[in-house]
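One chain, chain A, links the two complexes that follow: it is found with chain B in the first and with chain C in the second.
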Partner chain A sequence: MAGGSVSECKEYLFKVLVIGELGVGKTSIIKRYVHQLFSQHYRATIGVDFALKVINWDSKTLVRLQLWDIAGQERFGNMTRVYYKEAVGAFVVFDVTRGSTFEAVSKWKHDLDSKVKLANGNPIPSVLLANKCDQKKDSSNNTPLMDNFCKETGFLGWFETSAKDNINVDEAARFLVENILANDKGLPYEESNGERIKLDQETVTAESKSGCC
Partner chain B sequence: MVNVNAVRRLQPRLRHVCCKSWRRFLACWRNATRWIHGESLARIVGLSLEERSSYGEEEQGDHPEPSGQVTVDPYGFERSEDFDYESYEELMSEYLVVLTRRSIKWSKLLKGKSKVQKNVKLKRYVRKGIPNEHRAAIWMAASGAQDQLDKNPGYYQSLLGADHDSKLMDTICTDLNRTFPDNIQFRKTSNSCLLKSLYNVLLAYGHHNPTVGYCQGMNFIAGYLLIITKDEEKSFWLMEALLGRILPDYFSPAMLGLKMDQEVLGELVRAKIPKMWRIMADHNVSWTLVVSRWFICLYIDVLPVETVLRIWDCLFYEGSKILFRVALTLIHHNEALIQQAQSLPDICQIFKQITHGPIVDNCHAFMQRIFFDPGSLSTSTLTKLRVTCRSRIIAEES
Partner chain C sequence: MFHHWDKWIKHRFQKGIPSSLRARAWQMLSNSYELIEANPGKFEELEREQGEAKWLDIIEKDLHRQFPFHEMFAARGGHGQQDLFRILKAYTIYRPDEGYCQAQAPVAAVLLMHMPAEQAFWCLVQICEKYLPGYYSAGLEAIQLDGEIFFSMLRRTCPMAYRHLKKFKIDPILYMTEWFMCIFSRTLPWSCVLRVWDMFFCEGVKIVFRVGLVLLKQMLGSVDKLRELQGMYETMERLRNISPDFIREDLLVQEIITLQVTEALIERECSIQVRKWKESRGELTHRPGRRLHGTRAIFEYKRRAAAISSGGSLSFMGNPIPPPGPLRNSSRSPQYLTLWRILLTQGSGQRVQSPAPNLCGPDPPTIRWVVTPPGHHVSRWFHMSQGVNCG
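And now, the complex of A and B:
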């Protein structure tokens, strides 16, 4: 910074999908991450809902995450191809207290990869969330198993999360965004899948000033 | 006599409606106290507290009303912390007059009749709102659900007694507590808990129609039916009328009817509000993104409860065309707002926003609007559009 050579602030808009079986806690994770809230009283999500989270990634980077909360029932999946368009990252969520929701993870991952790809043809980065870990009954360590599962299924990694107790939600999001950014930087501008808006320093300063009043 | 004095002091419009009979007034009052606290009501209609309490003592025995505001609506939904009681009471002071007048008219219409005939007069009555005390019966009669129930005695019970698919049972269970967590009747702790009934109605329907089984959204519909009918078997047959006859195939696995109606709405917007259609096209917004909940939930959890019930009055009587009238009115009324949208997220946000506010809170005025604002919408136009859109979707998917 001392050199004063940085004259540009980058702003990114990333569309991230949150998918998984019904009742695994997709809405809760999003509400926790975006509004720092948890409630036992969320209604089932119908169709799709979405929320926006702004992250001051570093002094030069602003990231706007558009989180798409997609209904978990399979038949809605037939309608949701349109929701997947232009997504650059995804969370696949399952509920650690219901084995069947983990069994469905591969199906969700496969569905994701078939519906959306990065411009270079690679699958979009995705992270697996083992949610409701506050209610986990057995304390056995299945880390090696899960690591292996992620490798085989093509997830970047996995996190045990609890939207209720605020465990690992921020960490998981940070991990995913890091990977999305790395993808974005690795690609020439034209091929980049994320919408990128370049602003010079002046514009940003003006914007933040007006934001103060 | 306190009675005469009390009626005399009523707000003039209400007096006009109630003055014919004290008994009638008391019935209206009892009904109205479901909506707002007696003290607010007394203030609105112009009664003194003494008059109100003297009525309260003779009619309700010694059940003192809770003091302060009514935090739960007449259907058991908790009001949010930021609920605007002042605007609500202002609105209700108008609407109570309507409710009272309608209630009297309906009582007269139904007096001594065991069956109602569908005719122009009844249609007009339905559009002006079915009083809550007659709602279940009129829905049952108008939709044909009553006929089905009469023709199939014991059928509902036999569905419950059958062997059920475990996947169906699991899926329904997952959504039970996520149906109306903000309604006191849908909590395990409630005395008259409706959760078991909700489970039964959904299970029975899923068994009755295995192609549809259970689809999210049906939980909300069954929940509303139970709130209104307070009867599982009636709720089941109303569900059967909706899914089997009134609506196209919204809930089947392919959801073809839903996709079709979303497209039809797009076409209607294109014809009636072309500017709006252009904006949606410019921002590349597909209709499913913004209106799928409107159709799947039949406006539950989208519009205010009372407005939804008024829409359903017409839905059961006139059919699914009403859903388009509502959608077109919402879009038409908010044209200027939607035009300001800069991006797809903006549009999604605005479509959420337009289902709130005074225009939809005032259900009576809103219902008048939907038959006026969107202009003519003939059944033959709708049928043609549905045929076109359905074949277009089938062609695109194959």
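And now, the complex of A and C:
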């Protein structure tokens, strides 16, 4: 091969969590992002569900995003330690039409930070999603308040999203992946599958980097 | 003789309950109909109460998310959703310490597809309290404990699947939570769901364990099958979306029947896992001993409770689970006889068709029920079999 390099293409596998109160639209966001679909007829998530999005990030980078859709009812909180294991990024979702779901954001963030960390001990990068913005009643500008909230609670940034009208879902995902990639120090990822070792697969171990939107 | 009965009844339910009798059989087997008789007006009384806002909020959010393509539950505010609200709300008032768990909704919905709200409510009560106690309680310890029991059983039943899941660190709660909590109602093709529920009402939680084990065996039980599943995600994807191609109703049922997973085995494994739990996680709030293994245990338990109230021996109070073995004479209660008669009237050995055998879509077909006339008597149920519940 020219220049002696084995392969220029890098492949990443990232586990990303989607958490937040019940009925805020976690499943809808995932379905929109992965399948470009929206339906009023999703079933309530019981336990956890999964979806995979493959992103051709650039000519040299392929990102496999494993999205973990976690049940929102508090009762399932007892299982989150298992669900969160080895995650490298997270979306915390709330519903702009229900204030109580925003109040619960700090609780979710705290649960996340207390149960999963990057290899270096830093919290995993997380982005706040203000979902159902198509149904927002007041048009007041909350941007400074939200920016401040993100800074205080440790979110990289926030997005107003609508899974229904496909607003900002791709943008939010891109923003999170950028941050996950930026954290990457390029330590080789040893896949647990011994029979097929991907030499070019890597995982994130670097420090969390602050950012905003 | 009685253990022949017991075997015979079990075999009847393994063949599948005719759809016209299913609602009554489930209520007979779970003994829920007796709760209705023992608590006249109770359901209406629960309905009249307001209920706690925190539960009502969650229940309302879930109403349109149960079998959303099913005719009965599709319409917002339609009868199906209204009934679902009624029974889930009633349960939070009936058991304020338990409240509402999201996994109860699909179970309640399946019951409502077969019977009116009040009957469905008491049937739900029996599932939550006798068949699967603790499954829906805060902390969800019971389901996590069963996950450990299940995984340990898999090691014996299908070492290949066990090793594969272990290799990819796929914790049982990642796939079995929904399977067990919803009694496979969101997992299997509809005709299989009904067959599984028929056996479950008769034989209890061991059916749930067996179905799970059979599924894992079918999906991860050979080198060929594992070849395609080269990672955690691929494996999870396979387990989360079980293709109907993997499931053939007759084969599934046959495998469930022949799998050697007994009550005794579950209980033994349970005590091992409880010990491990206590060592690694501390005390358990959940008391696994409350679980009754199917209809025989429920009737036995009832008999013992009756013996206590009539001043009988209290020596068995420490153990609510009757010892395995043939039915005692006293289990020959009128209800048990009625159950037996219902089945006798169905002829012998005929295969029972599910309402729509070729419908394997995400949602079950609609089954219409007609409210049983008021004032009916239990012993007359089987005479009224035709037309009460048609597929």
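Following the convention adopted for this analysis, the second predicted complex is superposed on the first by the 177 of 213 C-alpha atoms of A that agree within 3 Å, B and C clash if a C-alpha of one lies under 4 Å from a C-alpha of the other, contacts with A are read in each partner's own complex, and residues count from 1 in each chain.
Assume contacts are C-beta pairs under 8 Å (C-beta built on N, C-alpha and C of every residue); 3 or more make two chains touch, one makes a residue touch a chain.
Nothing here was measured: the structure is a model prediction, and the numbers come from that model.
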Here chain A is shared; do chain B and chain C fit on it together or clash?
clash
Once the structures are superposed on A, label A:Phe149 by its partner contacts, choosing first (chain B), second (chain C), both or neither.
neither
Quick one: name whichever of chain B and chain C touches more residues of chain A.
C
Looking at the overlay, what does A:Phe175 touch: chain B (first), chain C (second), both, or neither?
neither
Applying the touch criterion given at the start, work out whether A:Leu52 contacts chain B, chain C, both or neither, answering first, second, both or neither.
both
Common interface residues of chain A with chain B and chain C?
22-23, 40-44, 46-48, 50, 52, 66, 71, 73, 75-76, 78-79, 82-83
Residues of chain C that touch chain A when the two form their complex
58, 61-62, 64-69, 101-103, 105-106, 136, 138-141, 144, 167-169, 171, 173-174, 177-178, 181-182, 186, 230-233, 236-237, 240
Touching residues (chain side chain B, partner chain A) in the complex:
170-171, 174-175, 178-182, 215-217, 219-220, 252-255, 258-259, 286, 288-289, 292-293, 296-297, 301, 345, 348
Taking the touch rule as given, give the residues of chain A at its contact with chain C in the complex, in rising order.
22-23, 40-44, 46-50, 52, 64, 66, 71, 73, 75-76, 78-79, 82-83, 85, 191-196
Residue ranges of chain A in contact with chain B within the complex
22-23, 40-44, 46-48, 50, 52, 66, 71-76, 78-79, 82-83, 100
